[in-house]
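Two complexes follow with chain A in common, the first pairing it with chain B and the second with chain C.
Moving on, here comes the complex of A and B:
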């Protein structure tokens, strides 16, 4: 990670009070924002519980079946949202995630089938997942290089990659879905232990690791610093180019894992697997307290954001509400969430990008 | 599909189909007789096929049927389309095709109103238009009434009938009683709307023991379709069946049944039959699949265009059939040939 010539000389981050200060403010806001998403979720659950008891005399929240269903529903959008959280905190956005997920799903299906001819099925499954995630990092790396080295705006660069990944995935799939024949892979996608689906367990572990990386490591701190003030971060000696590259590779790994798990669950790889999830994942990050201006947000907030969307979409079907209200409800929650965010910023006196 | 035919039962449709096939063959024989006896036909006809979207096993299989027919009559087939089912992306492709002046255009219009003017351009340029799978206007052509009657023919499965067949299969599978619902993509797509309508009409008319709950729309997201099934089941513990009106609706609903631990208790009827459906039927995730015959649509599309170009008259509508696939017949080669191959 050497800095290039045109960058200012490297300074020890500890003697750069500006960045430190920004960090602390952002962390504080992050905590409040994180709490906000969980409060939102709590309020939503209470409303749905009352509604459920009034409308048909049964419980919504005390049914383990409902929670299993909501958790499994939230897995795919949450995996994308985790990667998106890192990117949005840095002030960028990754529009290509949906089709990188589709690409990974197709690759996982093909490779698991292929490897199954040469090795025992459990290894074939692991091989398929590994190759899928590795292939997913290729578009991630190209995104990172375009954005960090060639100064392509993230919105445009990843929009281009959206098309490239989409076309590649459909070409690899021959335009159709690719069935997987591997009972272990199917078990990973649909089995459960003590009533908890494997997919939910895998996702929970992944979330904890990502939470640690964002909140406890230098990589995570740099991410906040770059998003809050890229100039200051550069002056503080952070290798921005190297960081951005790693960042988009990380988001593509999340999409890759999402795609592999999709293929496991539906025992088929589909190029369009992640297409409808892109907006849901951005919405989860925003409801979770991240600002699209960068510098704030958290993994746990995003978890709450993804759960809010899943609870609304599942709950409104459960409560037998006309389907089109779901779009309106999610839209309203996003707007309220951003309004609260803006109000908080004014209240806490944080610098605002206006 | 033109009005009136939705009232036909399967046998009538099959009968009509074989009649049409017979007349088609007769027409073709006379065509080749004409071609060989009179002046030799040196011109190679170029026939363009514009699918609803390029990334779908249904249209890929249709292309295969069209290619087989093109090869048989020595025509050249051009296959060009957009990656998603949307007039905004289909119209530019159509314009590019019109600019190259093919001898005939076969198209699956992505919207029954928005494609009228773009196709009129082709018609005005003297290019014959035949619609396959979907239609423009009301799908009744060559009547002289309205502005969307200019296509020569509409060749497709009757989706209302397909929905009715699905309803009968599901009613039988669940023993004629209990609650069911339709897992659908989104409103406004002519084919899936018609399947839902056919399903509901058949249930209302002939299956009094079955209650059809409100339809759920999943935006072609299998994950959402699965979650919706679980939510509907959580609310209605007496749910006994679901009709998935397209691939992802059915795939998602089937996974929802599995996640809910209700495999076998909640029956799943799927519309369309991609290769993955075979495994789903064998593993019991899907109980019945209704296969359309896209290759047949492509074949008769090209044959009709060729017949017209060589001076023969063609029917204004050709209805292709369905095949019902379940665990009992999925291994039968006569049935397996209707699974969409890639």
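Moving on, here comes the complex of A and C:
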């Protein structure tokens, strides 16, 4: 039981002035934490530039070829990471994305080939991509139903789907890769306009649309609310089950598009297309400033996170470093990133306890 | 004041859970501008009572009337639409959203950007938040900050602000001061007084007799599921209320 003291209660109804200074410091730390992926990116580029000039006497950052390669390199992990951003902000995780991507790549290859027999090749390509994305939504829908209706924890539900999608993709591919015979598909994967690869263009448009959805629509706003306090969101009348279903369908659409674009880039569908990307995409989201506890994160942060990983991976190859160092470098960046997040959390927590 | 139609009237409400009579023939009346405290020991039926009023439980028997009209609630959502808002002890705020984001959660206003693209109207949300909080005599400088930056009492004010904005006529507050420090408790007491001045009805559960005596007009004491007594606050004493609570 609490009890008040007996002095006359002259209440100051205004906001307590003590908060102001601490507020500013916290805001500054908050901004730095939010921008950390871009700061990492800047620091990395500077390090690689110096390194490149010292060891080769050539530039790293001023070469358009490098940037094209990095951008193409970043496309698939970024697409997965975009879907993962939505899921992680809501407090969940989608482990099945990598193999949903593989499944979609195989379906895109098969369907483009099949449709090519009956319709002009450009339409066959669009048909193949469309069917691949649609097929990808099936495991997404099952994920969403398992998690929202049957209360399966996201980690377990999507881990199960990881296996199911993986097996299905290999079965559909007959255990091998499926080559695509369609020159328009190959052009989508390797052509460019004004020096910008089509793949990068398509991804950029998709990223903008997703940024809009997360930051400007009710769906996005509710996603943040659910991640912070699902109980509060439910009491506010938000249809949480419906939201979660849409969420996992959305992440599978991202994976589906990633798979289709992978098939275009390599003019072949492979079940293992997204296998190494699962960790990369979670890493991109975390480096981009999201918390695995849910409630925070942004698309722009994730873009920076994906670029950080791509720059590390491409840059180390460019600088002729043994490839195993890539894992170490990405791992270190993830850990530093989470440490910054924790520090910020501790700081704001301490302030609340005052 | 008692000649008016009551804002909220609960008549002979019972709620049984199997053989357990959590609430038996309890009645409660709240007039406009009146603060009624619901007191009682743990397990006395306070929570069952507010859950029935806020639409969480359907009563086993008995009636609930709002402004003289019988109502029944299918859900808390339904109760809220009929003007009864419950402020839960654990606050039910999304910490990462702004005050406006919390007030409008689930009902965000939209505008058209560039004439065609629907986007959340954050400016309207911030402006409504500022006005609502000013109505509660609570002046916030940083409307763009997430509510996690605010103290317990300030967050309580945000929860109350949400109810006020959506025009709740009856606010039910479950232990609004329990988790707060002393200055914050006073702040909440001041908030309840301003709700009262606006002619809203407040039902407020508390263990803290100090707070009950500071803001309530009447106190209804429950004991083991029945109304053990009802007193006007200026005609009773701490001792009498405690006796009613523990049975003497």
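One rule holds in what follows: the second predicted complex is superposed on the first by the 313 of 354 C-alpha atoms of A that agree within 3 Å, B and C clash if a C-alpha of one lies under 4 Å from a C-alpha of the other, contacts with A are read in each partner's own complex, and residues count from 1 in each chain.
The criterion applied here is as follows: contacts are C-beta pairs under 8 Å (C-beta built on N, C-alpha and C of every residue); 3 or more make two chains touch, one makes a residue touch a chain.
In this text the structure is predicted, and so the values were computed from the model without any measurement.
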Thinking of the overlay built on chain A, is A:203 touched by chain B (first), by chain C (second), by both, or by neither? neither
Could you look at A:84 and tell me whether it touches chain B, chain C, both or neither (first, second, both, neither)? neither
Between chain B (first) and chain C (second), which does A:228 come into contact with in this model arrangement: first, second, both, or neither? second
Per the contact definition in the header, classify A:181: touching chain B only (first), chain C only (second), both, or neither. first
Give one of first, second, both or neither to describe whether A:73 is in contact with chain B, with chain C, with both, or with none. first
Could you say whether A:268 touches chain B, chain C, both of them, or neither, answering first, second, both or neither? first
Taking the superposition as given, does A:143 touch the first partner, chain B, the second, chain C, both, or neither? neither
In the overlaid three-chain picture, which partner chain does A:236 touch, first (chain B) or second (chain C), both, or neither? second
Go through the superposed model and pick first if A:158 touches only chain B, second if only chain C, both, or neither. neither
For chain B, which residues count as touching chain A in their complex? 54-57, 60, 83, 214-217, 219-224, 226-228, 230-232, 234-235, 247-248, 251-252, 255, 258-260, 274-276, 278-279, 340, 342
Spell out the part of chain A that touches chain C in their complex, as residue ranges. 1-5, 9, 11, 13-16, 19-20, 23, 26-27, 212, 216-218, 221-222, 224-225, 227-229, 231-233, 235-238, 295-296, 348, 351-352, 354
Hey, which residues of chain C end up touching chain A in the complex? 76-77, 80, 88, 90-97, 101-102, 105-108, 110, 113, 117-120, 137-142, 145, 148-151, 154, 177-178, 180, 182-183, 185-187, 189-190, 207-208, 210-211, 214
Chain B partner contacts - residues on chain A that touch it in the complex: 56, 63, 65-66, 68-70, 72-73, 76-77, 166-167, 170, 174-179, 181, 190, 197, 262, 265-268, 270-273, 275-277, 310, 313-315, 317-320, 322-324
